[in-house]
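Each chain gets a letter, A, B, C and D, in the order it is written, and its residues are counted from 1.
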Amino acid sequence: MKEILKEIEERFGPIWERVQRPKLAQVGIEPAKAVPLLTWLKEHRGYVTLVHLSAVDWIEQGEFQLTWLLGNPETEERLMICSRIDRENPAAETVSGLWPQAVTYEQEINEMFGVSFPGSPRQGVPFILEGWKDIPPMRRDFDTVAFVEKHIPGREGRKHIDTRTYIGEKFGEKGYLHD
Amino acid sequence: MDDKIVKPEPPLGGPPQGSRPHAPVGDGCFLGEEMKPQAPSYKEALARIKNWFRANSLWVMAYGTGCGAIELRPLATARFDMERLGIAMRPTPRQSNVLIVSGYLAVKSLKRVIRSYEQMPSPKWIVALGSCTINGGMYWDSYNTINRLDLYLPVDVYINGCMPRPEALVAGFQELMRRIKKGEADGWRHYMENLDWYKENQKKIITDWDLPEYNW
Amino acid sequence: MSLKHVLQPFNAWVQAFSKPYTIPMKDTMRPGADRYRGWHINDVEKCVGCGTCADICQNAAIDMVPVKDPVKGDSGLRPKIDYGRCCWCALCVDVCTTGSLGMSNEYTWVEKDPEKCRYTPGVDAKPWDGSEKGWRQEEGFSLIVKDRVPMPMLDPKERIKTWAEVVVGYSVEEARKEAARCVSCGLCVAACPAHMHIPDYIGAIRDGDFEKALDFIYDNNPMPEMCGKVCTRRCEGVCSVGIQGEPLAIRWLKRFATEQFEDFAKVLHPEVKRVGEGKKVAVVGGGPSGVTVAYYLAVRGFEVTIYEALPQLGGATFFGIPKYRFPMPSLEKQVDLLKKAGVKIVTDHRVEKDEFRRLLEENDALFFGTGLMKPYKLGVPGEDLEGVIYALDLLRDHHVGKKVEVGESVVVVGGGNVAIDASRVSRRLGAEVTIAYRRRREDMPADDEEIEDAEAEGIELVTQSIPLRVEKLENGKLDFIWGPAEMVPPDRPGGRPKPKLIEGVENHLQVDRVIVAIGQKGEFEWMPEEVAEKVVTSRGWVEVDETGMTQWPGIFAGGDLVNSTADAISAIADGLKAVEGIQQFTLEGLSVSKS
Amino acid sequence: MTETRERSKEVQIWFGPQHPGITGNMSVQTWLDGDTLTRGITHVGYLHRAFEKLMERRLYIQSFPIVCRICVPEPDTNEWLLASALEELSGLDREVPEKARWIRTLVLEMSRLGAMLMVLGGHAGSMGLGPAPQWMIALRDLVLDRFEELTGGRVYHMYIVYGGVRRDLPEGFAERMEQTLKTIESKLPLIDDVIFGSAVFRKRAMGVGVVPREWAFEMGISGPVIRAMGIPKDVRKDEPYEKYAELDFDVVTEEGSDIFARAMVRRREIQQSIDLIRQILARMPKEGPYCAELPNMLEWTIPVGQTYVRAESSRGEMGYYVVTDGSKKLRRVHVRGPSYVHGVSLLERLIPGTNIADLAPLMVSLQVCPPEIER
């Protein structure tokens, strides 16, 4: 895997890289170069399978990470191409032209994260959800518990007592350095 | 039926209880008003006979709504053989009188389940499996699954556990049959009589409401 | 398509003659497998209500509900399980600290009313209670860590040669690893007399935030470094992790947190209203209770003066506890913070009757915690001989810097921490040491660890031995004569078995010193008679109300004089009580505190 | 079938979600010309429980019971994948005891066996052949009995945990397992008679639902579907995990790439699984720990990292993309189920030109499992 990483670095400039397992390596690259890299890997280096396409929300950094996972069926090696895009109006280039099944992945990421892939068919078409009106649910700032409390009633009449707090109250645990 | 409809306090607190004037058990849904027998004792006896027949021909709609459906297969096939209890799988709602809600219901599924349920001819019963139908189960904090089935559909029997085994399902069906024979399993009637309450709850959670309005 | 393929499926008819798959109707209620995960069962007597099951339940299926009053070591809460949530994963069973929670192999429950699908196992009777089979904890799989991170210690052979601290202390990694064992149940908070915020500071240590940990620690304990080294740690006795494994090293973790800082004043930033500006409080006795009162009143703006008879504050923790357990620098660090908080400290000054009266006049309130300074006597012939000494005197003389001689061999009579300390000090002074104790080893009030350490250092333990008399021998040595004892059942139920002398047997032990360490009592000669009359009970104790105030309005007391447990952390707890009492008394007046 | 179709002749039919022939709770929106499908769109989301969202707000150990729910017939692959990913990221994988690895391999193979028995029954059931599903489900139930005594659960085992497995093999397990395997083996010739020897099955399965070989790598097809094309792809061989490298087996391949070939792959893999289970039980160490010493699971943190782990489920390559951020909870987990490709892209591409009666057998042969598409 070292060779291909080296070659990528030579062709596509500075990258972040890491060999996770003998048959799995990770590459971080700027978003503009991601799709050219994917194309090159598919056309020239035998990484013809798009195994997976995923997104990660790094809300603290204000970024979404897109991860394309390519597979080389000859060597069974896997290459993880990661790229970070801005969290405001996120958009990325589609790979549906290279791999037809990417349409589904891109449709799902569009629905679940709100990342748009201009040019990919089925963008904006609901895939999993129906009648969803809130922010895309897989974003970190979507609070599923708050949503449930607001919209999905549960059964009432339960009362949990936290042991730690309960003991503190019952035995008169006090602090003297802070009012 | 109109005079019987009660309008319970909407939001929550569980389905309305005991608000319905008690009709003779198992009274007609197939029989028209003019065909209804007159003498109470005769009526009673007929109801009993009808209930006995109903209890022994539970036809389950084949709709695996959730993970509990996996245990319906052993139940329906050779090992546990539910046909010896008079229970059979039917492919469409029009032929069925038992709806098994096998666990959690995603909101998208709930809509289909409601529609299927409303297409089933009365009398019909709902068997709910597992924790998820009672209080959300392990998906209690999921934005896409309901937590309490009884807000949206009338449940006759809950089979507890996650997930209930075929043996527990047998016990559940036997309980359902017992209740039908006694004339206690009347969730379908409850649904009809408190349709507004159920519809209100359903509409709260199903945001793109496009179900047909059935007219009972 | 051949005829063969039309006919071949009919081979299936063979099945008509084979044994059917179908389970006969009568067997459709067959029991679950031996380790099937079904409905919960709980041994409520074994359960301590730590709530770890509720913490690990990802379905929030478990509510802790009160079923009885909380006591030390048992929160009184028990898990109530919502079967509208439970997914039968049995993580609660595997994490259970006591092993009381289990799952039966029963699995059938048909219900009409969904509201009824909850119960408290062991409390609400269910058909499957007492089920033998089902999922239980098993050796070899644990979701919590049962073994403690070992504490590095000096080698016993080396340590008897020096006064260096025996316990080396955790490194940062060790401490964080040990802290990560905590399940944050809080049972320890109930057991700690001062109710320290134990899970909070352990959590802060785990997260690597030692400043926050110190802040939690100092919140209700002004001598944490002392407690971190020598506390009797009732907390560890009830630690839920300790029920099946080793308890959290709460004491060592506290010690670790305090050792991270040279100057506590730079880390601690009290945020309290200085309500006591202009009020004066005198504290007589600089032990843990006095220090507690002084520190927390001082940060509230009170003008506090401590009067201490010895050259250093700390009371029994200064003169009684050997330096290989609690070195001077540790004590000085704590005293330093006291000074920085504005406490006036008068050492080497014994308050006598007249001064006491004056202090009472001049101050808004007075607190005394003078401790138990007068040793109990052995009560056998020959105990006044030269060479029979008292452990407290030995320890005090040694710690204030006087030269002490113990000769080549000593016998220490007693089984408490003082006895162990005296014997270990004697050992370091070069003597062969024997401890003579009346009851069995497991009855010894001293810390187990202490006893083990003493034995490791070559100290011999003679249990069930009753001193008969001491005689002077011609060679100048003492003959310690003792008789063996047998244990007899206690007089009253719940009491300890008592030692009874076996008549007619006499054992001799030739020693240079007999060190008596069978307990101490209070001493009130310094106190004005009119005060002593009201304050001291006939049995030599001081009685206080819930605010720490004695019968004499304005005089508060605490420490060993007041409580029956006679340890430092109880003294600190007394001090905390008095802080509130004094604040209430001085600011709101007597009527409030008494009402 | 006419070459020139007019849109006005098309009839739109929803296949599912309430349909006895659909594989689980999903639906395919189809357009028909006569009885030939012209186009189809897969609709999922009826089982969406937001596993990935829920796991982001649960502790690692709390995520453990939830993952097995992603695939009902074959939960253990999910358990193993999450465990393996987190072990890799936390470094716990170095401490997994030998015995645990063997037990894990056993459980994975047992779950493959159970799932394949069910699917082979489904193959026949979807064509209306009654007895086969009856027997297959009953045989699978025998495997479930073994699972029950081993793991404490019938369907959801929640057994493969970080660091090992949760319990040791019960006393006499190997003998009872052998008994079960014998029972299953003894029935297999009959299964052959009623499925592969049946004229109905042969007629409807041969040459139907052919997946062109050139789609194989481009679309990321895996499992029995790719092996039915004659391509020997199997994660157990390509990137062996647990003890598969030490076991003796060959990748099963068939030619034809139609429903029949896929059913045949499954039929032969049932035998392969039985052989593997025997090998595993024979080589299983008798003594030794079955789980590593775990840290306090309530406070377990895993350093920052990301990985993709994969395993061969009965449906194909199942993968987990896992990202950790140094906290006590997962940052992101994304499940790559084989059905994601098979059930959406591949199915939609296969539908045009298929007879409507063949849609259900086709879906069974692709072994579409909706919960792993939508999670």
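The rule we apply is simple: a residue touches a chain if its C-beta (ideal position, glycine included) is under 8 Å from a C-beta of that chain, and two chains touch if they have at least 3 such contacts.
Everything numeric in this text was worked out from a predicted model, so none of it was measured.
When the interfaces B-D and C-D are ranked by C-beta pairs in contact, the top one is C-D. Averaging C-alpha coordinates per chain places the centre of subunit B 32 Å away from that of subunit D. For the pair subunit C and subunit D, the distance between mean C-alpha positions equals 54 Å. Rounded to whole angstrom units, the spacing between the C-alpha centres of subunit A and subunit C is 49. Averaged C-alpha coordinates put the centre of subunit A at 41 Å from the centre of subunit B. Each of the following residues of subunit D touches two or more other chains: 45, 48, 50, 53-54, 57, 65-66, 134-135, 138, 141, 156. Residue positions of subunit A touching 2 or more other chains: 129-130, 137, 142, 144-145, 155. Among all residues of subunit B, those that touch two or more other chains are 78-79, 108, 134-136, 138, 140-145, 148, 162, 165. Taken together, the touching pairs cover every possible pairing of the chains.
Of all the residues in subunit D, the ones that touch subunit B in their complex are 17-20, 24-25, 45-50, 53-54, 57, 65-66, 69, 72-73, 118, 133-135, 137-138, 140-141, 144, 154-156, 371. Interface of subunit B with subunit C (complex): residues 14, 78-81, 84, 131, 133-138, 140-141, 148, 150, 155-162, 164-168, 170-172, 175, 179. Subunit C meets subunit D in the complex at residues 1, 4-6, 8-9, 11-12, 14-15, 21, 32-37, 52, 55-58, 87-91, 94-95, 135, 138, 140-145, 180-184, 206. Those residues of subunit A lying in contact with subunit C across their complex are 155, 157-168, 170-179. The part of subunit D that touches subunit C in the complex is made up of residues 58-59, 61-66, 129, 131, 134-135, 138, 141, 145, 148-149, 152-153, 156, 158, 164, 166-168, 170, 190, 193-194, 197-199, 202-203, 289-291, 293-299.
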